[in-house]
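Letters A, B, C and D name the chains as they come in the text, with residue numbers starting at 1 for each one.
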Amino acid sequence: MNISLPLILVNFKAYSQGTGANALKIAKDADLVFKETGVNIGVAPVATDIRMISESVDVPVFAQHVDPIEPGSHTGFLTVEAVKEAGAIGSLVNHSEHRLRLADIDVCINNLRKAGLVSVVCTNNEIVSSAAAALNPDFIAIEPPELIGTGIPVSKAKPEVVTGSLEAVHKVNRNVIVLCGAGITTGDDVYAALKLGTRGVLLASGVVKAKNPFDVLMSMAEAVIKVEE
Amino acid sequence: MNISLPLILVNFKAYSQGTGANALKIAKDADLVFKETGVNIGVAPVATDIRMISESVDVPVFAQHVDPIEPGSHTGFLTVEAVKEAGAIGSLVNHSEHRLRLADIDVCINNLRKAGLVSVVCTNNEIVSSAAAALNPDFIAIEPPELIGTGIPVSKAKPEVVTGSLEAVHKVNRNVIVLCGAGITTGDDVYAALKLGTRGVLLASGVVKAKNPFDVLMSMAEAVIKVEE
Amino acid sequence: MNISLPLILVNFKAYSQGTGANALKIAKDADLVFKETGVNIGVAPVATDIRMISESVDVPVFAQHVDPIEPGSHTGFLTVEAVKEAGAIGSLVNHSEHRLRLADIDVCINNLRKAGLVSVVCTNNEIVSSAAAALNPDFIAIEPPELIGTGIPVSKAKPEVVTGSLEAVHKVNRNVIVLCGAGITTGDDVYAALKLGTRGVLLASGVVKAKNPFDVLMSMAEAVIKVEE
Amino acid sequence: MNISLPLILVNFKAYSQGTGANALKIAKDADLVFKETGVNIGVAPVATDIRMISESVDVPVFAQHVDPIEPGSHTGFLTVEAVKEAGAIGSLVNHSEHRLRLADIDVCINNLRKAGLVSVVCTNNEIVSSAAAALNPDFIAIEPPELIGTGIPVSKAKPEVVTGSLEAVHKVNRNVIVLCGAGITTGDDVYAALKLGTRGVLLASGVVKAKNPFDVLMSMAEAVIKVEE
């Protein structure tokens, strides 16, 4: 894996504001911020937008999901091969809005790694984070589901969940990089998340539904720089 | 709906031979055959290839699946809006490899129609076909699951399933156009399917895994012309 | 099928008030009301309580769900055979809290019928009701999901959904008996439901979470008698 | 938890030979073998048979599955409360025929423990076993899916999977008791499984579909005694 850290990873979900032409615009904002600040910003658009975006920007593009299948006779499912050919360099796995079976998370992580792609496994609490760590993904993003979309950052509301999960993950597997998710909407939230020891954030509406995504991303990148100094 | 009939609809599934650059090649073959013969050929690539293909060919592009959701906070799912923005003019619904809940088929058909997109609902037997007809999709594709991928055409192995389903569908809803699926691999199969009264075929491996997809599509288009004469 | 109509069908769900010893108590209340009034009351307890209850009462016992499988190598799923051996005379199918795939509803209805058991398919709107009717179940219970558990009876809040669904069902299949669900909590609601032309009700919390289930059931039975006079 | 080890745990699945009256007969065989030999034999019948069997025998009864829910408005699902009231002392979780989402396995283990019930989480390989161990269940049963129902015992065909999983589990969590599943049909298989360091076996068809379940169980119990000497 060769992803510059810290990482600000923006999940476009199925928001209208993050689909099609709107998705491309936000991805270009991310690209600009990256080029101005050097802070790494990943974008995770819907499957239909992956290729268009990866051909238009230099920041890393992630799939929001891959299915635990091999290429073959499957209709309406996404192989790692398909998202890789479209230009994705990794994928979210087991997002709280798209939970997977335990054995399938293992398959997805392996399929991604075999293809040279990065896995970002989402988890909801300390114990599930330590289980996910045993599966050896590249990243784990801690997102207490009750905070997703609330604008209440987990880094402030439940810092002990973040630090507890960090510890739980690293006790099982020191190689896993931990991101902080759920409720992240400002540069301050990013600053707090990094100060707790995580190596980045996973967020969605805070950027995608912002009036000015560029400004939000810029303030987050500045927070990253401030922490790294 | 404004789709020229009969329709040869090719599901690329998650085959390596139908993903990425390979998908584009088959879509261009379909485009050539369409332009030479005037016979309508639809292509249904994986989600990540929809935009690239719809920007490159004039034949209609279908999604293989849409999720029964509205735009919003959903991760790794496909809205009708997303596939439409990418250039799809319709979608398969309830393929035998991606069965949906009854109420969700209703939602998908409605979401597609509201967006001006075409629904092709797959069914497995007469009684399920008549239930699907009650939901008022644009198309129903009859595919006895036991014949899918076998190369044994339902039009020959079980013509009574096709004619029975046609009758069952039209008894409930005269507006639904019926396609014949499962085991279609040759021009002869297409000929037989149309002779039974269907208005087209849904097929996959017969074209996607063929040595020469162009030749197969051409022989199928010729069979269509022969029936229509 | 040999079920006396009208039918008051009580779904015990997974309520604590309707599980184990509590379930047996409500079932005995139903049995008493049936014996005093002659009005048929079915009970649908959780799987683990079916045998105990069917051995203790004379009213018909339904499963809340059966899986679309044959006996064999399946773990933690319920065959029709298992619920029949335990004494159930039928099953709910496709409850709004347990939606099934279209093709699986077909399988469940067939498996139940082959075993001599009754199917009660739940639906959420007119068009889905007419699709369900095409599958030829014994009963269809119309339950607009937005009213379930609200105490607002569909028979009052949306009578046009009930009459529309009745008509839609019978246009497709005259043999299907229609029940009215969602929000039924009083004898008045039952009276209104029957007056709209349905042949019974499907309800849950109105009885199971009542202070005195016997009294509620008795007032409902009296409403049935009043309509039938 | 207070379960005597080693444990022979028999999953009755949805086999006709293990449902209803047949289930009771096998459970009584298990009871007899237990009473003659002192070797602990658990039985896991379908939900509808749990109460009947737990009232008839002294050996521990397990559910084959519990749903990750609290008591309440759920139709056709099984709470821990329901299986406990019926007499179960534990449950299989995440059987290869009933895989669960990672976060739901966590919920099931917690719900079982809070109710004083035992969890037996099934896993398919070393890495998934170590993830399951992080969730702190009482038992983990290793069952390579490709061997289930084959009669080829994992203890012979892939002893390294068993020993590797044992080690992987105990590296993460020393408290978890490991059972050996998949392909166990004879006393020899049980002997081999225990010799590899597991504390029991999980099996199904080897007993349930045997001509004489009593004899098979007796030979397995004798194998346990032989190892324990």
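Everything that follows uses one rule, which is that contacts are C-beta pairs under 8 Å (C-beta built on N, C-alpha and C of every residue); 3 or more make two chains touch, one makes a residue touch a chain.
Worth saying up front: this structure is predicted, and the values here are computed from it rather than measured.
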| item | value |
| --- | --- |
| Touching chain A and also chain B, the following chains | none |
| Between chain B and chain D, centroid-to-centroid distance (C-alpha), Å | 45 |
| Mean-CA-position distance for chain D and chain A (Å) | 38 |
| Chain A, residues touching no fewer than two other chains | none |
| Category of the chain touch graph - line, ring, star, complete, other | ring |
| Touching residues (chain side chain B, partner chain C) in the complex | 94, 99-106, 123-125, 127-128, 130-136, 172 |
| Chain D to chain C touching residues, read off their complex | 11, 13-16, 19-21, 46-52, 63-65, 69, 71-79, 81-83, 85-86, 92, 95-98, 148-149, 204-205 |
